Amino acid sequence: MLIVMSHAATKADVEGVVKTIEEMGYQARPMPGKQRTAVGLVGNDGKVDASRLLGLDGVLEVIHVSQPYKQVSREWKSENTIVRLPGWLSIGGDEVVVMAGPCAVETEAQIIESARAVRDAGAVILRGGAFKPRTSPYSFQGLGKKGLAFLKKAKEETGLLIVTEALDPEGVDAVAEVADIIQLGARNMQNFSLLKAAGRTRKPILLKRGIAATITELLLSAEYLLAEGNDQVILCERGIRGFDPATRNVFDLTAVPVVHRLSHLPIIADPSHGTGLRDKVTPMARAAVAAGADGLMIEVHPRPDKALSDGAQSLTPDQFGELMRQCRAIAEVIGRRVAEPAGAAR
Amino acid sequence: MLIVMSHAATKADVEGVVKTIEEMGYQARPMPGKQRTAVGLVGNDGKVDASRLLGLDGVLEVIHVSQPYKQVSREWKSENTIVRLPGWLSIGGDEVVVMAGPCAVETEAQIIESARAVRDAGAVILRGGAFKPRTSPYSFQGLGKKGLAFLKKAKEETGLLIVTEALDPEGVDAVAEVADIIQLGARNMQNFSLLKAAGRTRKPILLKRGIAATITELLLSAEYLLAEGNDQVILCERGIRGFDPATRNVFDLTAVPVVHRLSHLPIIADPSHGTGLRDKVTPMARAAVAAGADGLMIEVHPRPDKALSDGAQSLTPDQFGELMRQCRAIAEVIGRRVAEPAGAAR
Amino acid sequence: MLIVMSHAATKADVEGVVKTIEEMGYQARPMPGKQRTAVGLVGNDGKVDASRLLGLDGVLEVIHVSQPYKQVSREWKSENTIVRLPGWLSIGGDEVVVMAGPCAVETEAQIIESARAVRDAGAVILRGGAFKPRTSPYSFQGLGKKGLAFLKKAKEETGLLIVTEALDPEGVDAVAEVADIIQLGARNMQNFSLLKAAGRTRKPILLKRGIAATITELLLSAEYLLAEGNDQVILCERGIRGFDPATRNVFDLTAVPVVHRLSHLPIIADPSHGTGLRDKVTPMARAAVAAGADGLMIEVHPRPDKALSDGAQSLTPDQFGELMRQCRAIAEVIGRRVAEPAGAAR
Amino acid sequence: MLIVMSHAATKADVEGVVKTIEEMGYQARPMPGKQRTAVGLVGNDGKVDASRLLGLDGVLEVIHVSQPYKQVSREWKSENTIVRLPGWLSIGGDEVVVMAGPCAVETEAQIIESARAVRDAGAVILRGGAFKPRTSPYSFQGLGKKGLAFLKKAKEETGLLIVTEALDPEGVDAVAEVADIIQLGARNMQNFSLLKAAGRTRKPILLKRGIAATITELLLSAEYLLAEGNDQVILCERGIRGFDPATRNVFDLTAVPVVHRLSHLPIIADPSHGTGLRDKVTPMARAAVAAGADGLMIEVHPRPDKALSDGAQSLTPDQFGELMRQCRAIAEVIGRRVAEPAGAAR
């Protein structure tokens, strides 16, 4: 950590900084410069609270040289984390894993029909919300435990694995009974009680980036999971807030190579939420695979015009099938392949 | 709600929209225009899910004419909500109510010293976190229930009311036992399980705006509280995410008159988090009062350079005293007054 | 255009709106609704200034049903615009056109070396700034007219076409003498004097999206060019301002399918400025082609560590060669091909 | 400047950085740390181009310790710049200077009527655009030179000083003949040709912050003016781009104390563009004065509902008079006073 003093800082100000650093249990290294003095803080273990130093007299700025996260960092562990899923599947290796299904579980028939459709097109994991976080209290909030039961049925019928969202610490266990991957949604990325509860399970976690989260904040939220002992973490870019109403969100695909450089964790992309518009999903799914995403999460609904939520961004099964064909070819260009359902012959 | 058809929409497309609206239980009013057709949806009760319509063939855009919230809206209730607090205090009337104290409860001595200092300067409510949401799992997470006990002590010693944060549904009851106002933090603004739990208490709630929340989303989160039966809600502007590293956040003070026009709920401002920089807190606190804020929340620490968190944005008691003097004078200019502690003679 | 009245609007308010619309020369269509009245404005020719209506008593909101642009819109002209370049090249058809070269022209030797390197790797257009817009007055501002002369030399040596930036109305003619495409930079997207001057030339224009421009604003700036009679316009996504310091900009690739839907103009992508980081350029160039971009603009420098500007985001010629190989394969997946230099056999 | 090496950087990487720094003519100071090495660059004169270093092998980050600007900085000149205007007025001292008038000059009668109205309410400078930068080519673009002549007339009639915008280098001289202050608009904040032309005049310049400009970028644009020899510069906060459609812009009032700390230049605030909504202008003008702004720029139109542009954000003369009364009282609270027209007795 580097504490930059203002031009006008006095000798006493610099001494105040040195003394505070030493009180905090670290070593101080003053470095007088041409325009100003800076003071290095040595021995930083990543737990230093900069704000105490930032408020001292004569301090202009505090600069973090180390990253604030640890276990999620590529410097801590240089090889990719491979998240192991039941059966033959894994995320973070050569395969690009596609999760697909409706925004919400609506009825048993709907989720089973959806599951068959996405499996037939080549998805290996079924998505579908039983507990739905909704901006308005008057919107459809999901079927809850009944929805989980329908997902279980769909899994039995189709052999697909299940990813579904948990909304609160109490819900984690119920979701963990059915889901192969527990999803933590964008609005809950900094719900630290939920992160701790999810970190205590031994299930893979899909952690979505918050709508205005920096990559550092996303990695720090993942660090909560690893700090609790769960390193089976998949990150997900799903769009960030922007100023242009032309799309629901700004789909920040550069997050994929940024995360791959900073962390060993896999990252997938969700172009359905990332763009919010059906006709943008296919081109941006292709782009995500081309950018190196370790997987995709796609909203598919057998009849999008009847969907209870997010119909406008859901693909039809046919559109999804075409998307899969294109993504398979692009994956090959960069030396990867799209994971296929067991027994698929294509 | 208005469904705008694209220029190229066919007659069949328009008929599809009309049919879907009718299936949803509303009336459709097609309005052929010079450049394109629009279809009005009449009978909208605020629960219509636009995404189903947005996905139909030929639909260019869906425009919401009604606001998606209800009970929080000024149209639902035209007079200001006055949140009643124990004793003589209220928020939302003529008085500007000042909450002050340290970021976190650190020790019994620290919180009592802080409480005395802010009361002597004129604050009427003590702030201080017992449960702290922290971006990093390695940062100080608050003293938890011990912190609540210290807050209770500080209340007994000084007569100040208490505002402190609840982080999860389980924590709401523990906080409610000590706090006069339950704070829901920015990161939890869309933690709907927490909103529902807080809405079921009968304590006043301080709901902070999320770091990238629109005013509509803030009001919808408040609607969750009212929908559960708790209308004692105070909103709080505390800075939104921006692109300029010069300040921690962008302090969006225009939110104050915007909320006052759209809603009957009171709104206070937190310039400590809003700016993140000590020397910006006083000018922006003055600005908040001038803009019409119903209260202020200010971080004050007896020795900011020793604070365990947010030291850089905390005022000293002396600085806070000066801030109070300036804010009293500005409140008078706009026909308000700063609420004084019982028995204060100034 | 739809004028939405507030819930509390009086009959007189509605009449005021109707009267104002009629004064403005349009027809008014009041539509009384369940919760509020809206007034349609019919006969809108795209030139109505909403702000006059927005300020009237009782008006809650003014909603634009028509787009504010005209000639650039897909509704005005449904087939893609193909921008014709000297020789065999065009932009906006099946081919993906790659422009590459250094950020700035530095010396004759440097630009000729760069030109050869990018041509050998498959670029067909040479980029390089002679006039550089720089945030600081103390940064290298480009060689000016001498730089243009060096670009001309490089063109003669290599047969590559030239794209280079004009900074002001006076500079347009000098640039037009050498350049095959006149670039208008992001900072000048709303420099309307420059747009008008460029619109009066008959050269193709490359118009970069401003750092905080909406797609609508980008299209309106293009409309300035078409309104002056120049329809040879290529748009360019080059990154927008975001809140995360992890990358220089947020590379908003979804702009590609968004523009393709709204407009008939071609759009290319610049991942060098879009990300600002060398190791992100290749994955995001692949992503751009996969998303459907009509071309790429890539910074390549023979020795990036000696570059006078933007060295950190410049590729080496070898890295660029590999990028070209990958982009060719991805273009084929979506039924396109990367344009090759004349006489290239690959 | 500090070059931070990645954890995995080799000794050769560090040597490469040292060698490059020395080649650039500066001294290198390697500082081996616990987790990583950093290399200090000493002798930095503010002209170092970081990007060259950022691209070297093993470099993680380049950190600027010095500010990139010079002459505008408070460290360069510690006392406030007082911009002297004709007659008795100045900006940057104790007085708060109010500029008011319509968005655009429309007719001679309109601008004279406006001038009288704002003078009677206490404004000392008349604003009004003769050259209007408009997002759409089809919007009213101003009266041009005829507008300047009307402004001159209004000045003769009322004794008010004039501030009006120049759009391009050629227009600067024409504007300078009539205006007492030359305004450079937000869209042109990085139109460097225009900045240079304006810097060569000896007229005071009002430089508006770009819609997505950081404070550092605003100061660097001001540096262009000072670098050309013109130090009579007034900055202006007028709202930045945000994600919430509730207001036209986010009015970033904290820019006022931020600029006051970093620079000796005065800064005023424009709540009309900052909020875009008439009923938000008065509370935010009060807030601006409370935050310490050195002046205000307010849109006032004798009949806002007939205005050719920006009617929705224009105050009536009566509303403006009330705003002036409130702002006078607030200025006094912080030891300032609102500048009064010559001969005004209030």
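All chains are identified by letter, namely A, B, C and D, in their written order; residue positions are counted from 1 within each chain.
Definition applied: a residue touches a chain if its C-beta (ideal position, glycine included) is under 8 Å from a C-beta of that chain, and two chains touch if they have at least 3 such contacts.
Computed from a predicted structure; not experimentally measured.
Peer 1: Which of the two pairs, B-C or C-D, is linked by more C-beta contacts?
Peer 2: Higher contact count goes to C-D.
Peer 1: Among the chains here, which has the CA centroid at the largest distance from chain D's centroid?
Peer 2: Result for max centroid distance from chain D is chain A.
Peer 1: When chain A meets its copy chain B, do both sides use mostly the same residue numbers (more than half shared) or mostly different ones?
Peer 2: Over half shared, hence same.
Peer 1: Take the average of all CA coordinates in chain B, do the same for chain C, and state the distance between these two points in whole angstrom.
Peer 2: 39
Peer 1: Could you grab the centroid distance between chain C and chain D? Build each centroid from C-alpha atoms only and quote it in angstrom.
Peer 2: 27
Peer 1: Give the residues of chain B touching no fewer than two other chains, as numbers and ranges.
Peer 2: Expected reply: 212, 241-243, 245.
Peer 1: Residues of chain B touching chain A in their complex?
Peer 2: Counting only chain B, the residues touching chain A are 20, 46-47, 49-56, 68-70, 133-140, 167-171, 187-188, 190-194, 211-212, 217, 220-221, 223-224, 227, 241, 278, 304-314.
Peer 1: Over in the complex, which chain B residues touch chain D? Could you list them?
Peer 2: The contact residues of chain B facing chain D are 212, 214-216, 240, 242-247, 250-254, 256-258, 261, 274-275, 279-280, 283-284, 286-292, 326, 329-330, 333-334.
Peer 1: Where on chain B is chain C touching in the complex?
Peer 2: Going through chain B, the ones touching chain C are 2, 4, 6-8, 29, 31, 33-36, 38, 40, 42-44, 63, 65-66, 75, 78, 241-243, 245.
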